[in-house]
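Down below are the structures I want you to see.
Next, two complexes with subunit A in common: one pairs it with subunit B, the other with subunit C.
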Partner chain A sequence: MTESKVYLLESKSGDLVEASLFDDIQDEHLELWSSTWAPLMRSFRESLDTFTPEDSHWNWKDKVSEWRNFLGYQFYSIVCSGELQGLMLTTDLYSARIQEQFGKPIVYVHLLSTAPWNRPELEPVPRYKGVGRILILCATQASIEIGYKGRVGLHSLPKAEVFYEKKCGFTRLGKDSSYYNLTYFELTQTQAESFRRNY
Partner chain B sequence: MKLQFQKDWFAKSAEIEGVSEVGAGLPPNCHALEPLAREAISVLDTRIAFGQFVELWRRNTGWNPERLACEAGIETEEVLEIEHDPHYEPEPDAIFKLARVFDVPAQKLLELAGLVTNRTPQLREEAIRFAARSESISALTEPEKEAFEAFVATLNTEKA
Partner chain C sequence: MTLNLTVKEMEVLEELAQKKDLSKTGVMKLALRLLQTIDARIEPGKKLLVEDESKNEKSELVIL
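Our next item is the complex of A and B:
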């Protein structure tokens, strides 16, 4: 497991705080998920009448035990101030759909999630900002390292579509009837380069 | 994997992200169907490779879509749909006709087209490797030709 130093923006203080990005989800991370993230998500799910966090049903413990031993699948986690801040599962076995890179292999983001205290729909002032883009940066880095030149694809949850299109520069390819009608987004090599330059 | 970016990058990035929902993956209440979701993606992937195989075979032979359609006894539109639209589900009959023209096992083409359950464990990986090495340009390059020939050999493994 490799650890990289990254930074998140703490909303309350306006300071950048050091965090760790791991290219794995280990048992200690799952313990953090079980002890804080999951109970809070469960309480939101039970108390909110009008909506439910779109990923509140994901059980990361099950997902890790299900996917950990599959070749081509990779977990990532971000830890800051002793708490888990974000989780991601990617795979490098899928193909691009945009015409200019059609059929080329991509890193596909299978699951991406941030801790409930970083969610604007659950917390009026999310604790940390920047988790989502760091995980996407991580997906582009993995894509580059295996020779996929930064190409990344994913199915966005409905409330996150603006983030992927406007704040990460993905191309929106429309609703995918083969995948629960979620909107599919893809990042080309050029778009990944722009993203990595923070444009 | 090691990320090596300056602190400034993260400051700017967090500013761009602002207050955003960022979730990607399975929609609410469908975790029980997760294996189906995986299967749907898998079919699309092999179908992309199938389309590229048909296109490369045709170009390698020097045929246009009309000629391939005519030789196989299917509609030109179907050839074009197969080559360019992974969401298009071809008719099994068309696959049998194309397999005869290509002289490859129909069963493998049916698997690639997502019309039968994948019985060849390595076929999907081989198909994706093949798709990764193929480009949509008018003439086959040497690497494309190599990828194409290697994939034809894979398709014919059980035939030999």
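Our next item is the complex of A and C:
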């Protein structure tokens, strides 16, 4: 497992704070998920008068258990101040759909989630900003390192579509009837270079 | 490790490397990752299918 230093924006102070990006989700991360993140998500889901996060049913323990031993699947986690801030699962077994790179392999983001306390729709003052962008940056980096030149694809949950299109520069390819009717997005090599340059 | 390939196998590897925009090593590594995933998913009673949505056709891919 590799640990890299990354920086998140602490909303309250406006300061950049150091965080750790891991290219794995280890048992200690799953413990943090189970003890803090998951119960909070459950409470949002069970409360009828509050907004239900679209990913509140994702069980990261199950995902890690299912995919951990596969070479084509990779987990990532971000920890800051002893708290879990973000999780991601990618695979490098999928192919591109955009015409200019059709059939070429991509890093596909299966799941990407930021901690509930970092979400403006759940917390009036989100604790940290930048988790999603760091994870997408990480996916483009993984794509480059594996020889895929930054190509990345994903299906977005409805509320995250604007983030991927406007903040990260993905191309929107429309709803995919073969995958929960979610909208599919893709990043070309040029778009990945632009995203990384502007990060 | 040295990988010995026949002329035909090398031709296929070079074609795939060009088509996939990968190095030959990249193709071999991708093949290994794919095979591991498929092998683990194919259990007795399960099939791997290729679907052509436009023709509404499904064909079985035989994996040994």
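Note that in this section the second predicted complex is superposed on the first by the 194 of 199 C-alpha atoms of A that agree within 3 Å, B and C clash if a C-alpha of one lies under 4 Å from a C-alpha of the other, contacts with A are read in each partner's own complex, and residues count from 1 in each chain.
Just so it is clear, a residue touches a chain if its C-beta (ideal position, glycine included) is under 8 Å from a C-beta of that chain, and two chains touch if they have at least 3 such contacts.
Keep in mind that what you see is a predicted model, and the values were worked out from it rather than measured.
Engineer: Should the superposition on subunit A be reported as showing a clash between subunit B and subunit C, or a fit?
Structural biologist: clash
Engineer: For A:Gln85, select first, second, both or neither according to whether it touches subunit B, subunit C, the two together, or no partner.
Structural biologist: neither
Engineer: Just checking: does A:Thr183 make contact with subunit B only, subunit C only, both, or neither of them? Give me first, second, both or neither.
Structural biologist: neither
Engineer: Regarding the shared-chain residue A:Gly103, is it in contact with subunit B (first), subunit C (second), both, or neither?
Structural biologist: In the superposition, A:Gly103 touches subunit B and subunit C alike.
Engineer: Applying the touch criterion given at the start, work out whether A:Lys149 contacts subunit B, subunit C, both or neither, answering first, second, both or neither.
Structural biologist: So A:Lys149 only meets subunit C here.
Engineer: Quick one: classify A:Phe70 as touching subunit B (first), subunit C (second), both or neither.
Structural biologist: Second partner only.
Engineer: With the two complexes superposed on chain A, say which partner A:Gln191 touches: subunit B (first), subunit C (second), both, or neither.
Structural biologist: neither
Engineer: Is it subunit B or subunit C that touches the larger share of residues in subunit A?
Structural biologist: Between subunit B and subunit C, the winner on subunit A residue contacts is B.
Engineer: Which listed stretch of subunit B (57-65, 93-101 or 111-119) steric-clashes with subunit C in the superposition?
Structural biologist: With chain A aligned, subunit B clashes with subunit C through residues 111-119.
Engineer: Can you pull the subunit A residues that subunit B and subunit C both touch?
Structural biologist: Shared contact residues on subunit A: 93, 103-105, 178.
Engineer: Spell out the part of subunit A that touches subunit C in their complex, as residue ranges.
Structural biologist: For this pair, the touching residues of subunit A are 70-73, 92-93, 101, 103-105, 146-149, 178.
Engineer: Give every residue of subunit C touching subunit A within the complex, in rising order.
Structural biologist: Listed in rising order, the residues of subunit C that touch subunit A are 19-23, 26, 30, 32-34, 36-37, 40, 53.
Engineer: Show me the residue ranges of subunit B that touch subunit A in the complex, using the header's touch definition.
Structural biologist: My answer: residues 1-5, 7, 9-31, 37, 40-41, 43-45, 48-49, 51-52, 86-87, 124-125, 128, 131-132, 134, 136.
Engineer: Please name which positions on subunit A make contact with subunit B in the complex.
Structural biologist: Those residues of subunit A that touch subunit B are 2, 4-9, 16, 21, 23, 52, 54-59, 89, 93-95, 97, 99, 102-105, 108-114, 119-121, 126, 129-135, 137-138, 141-142, 145, 154-160, 162-164, 167, 177-180, 182, 198.
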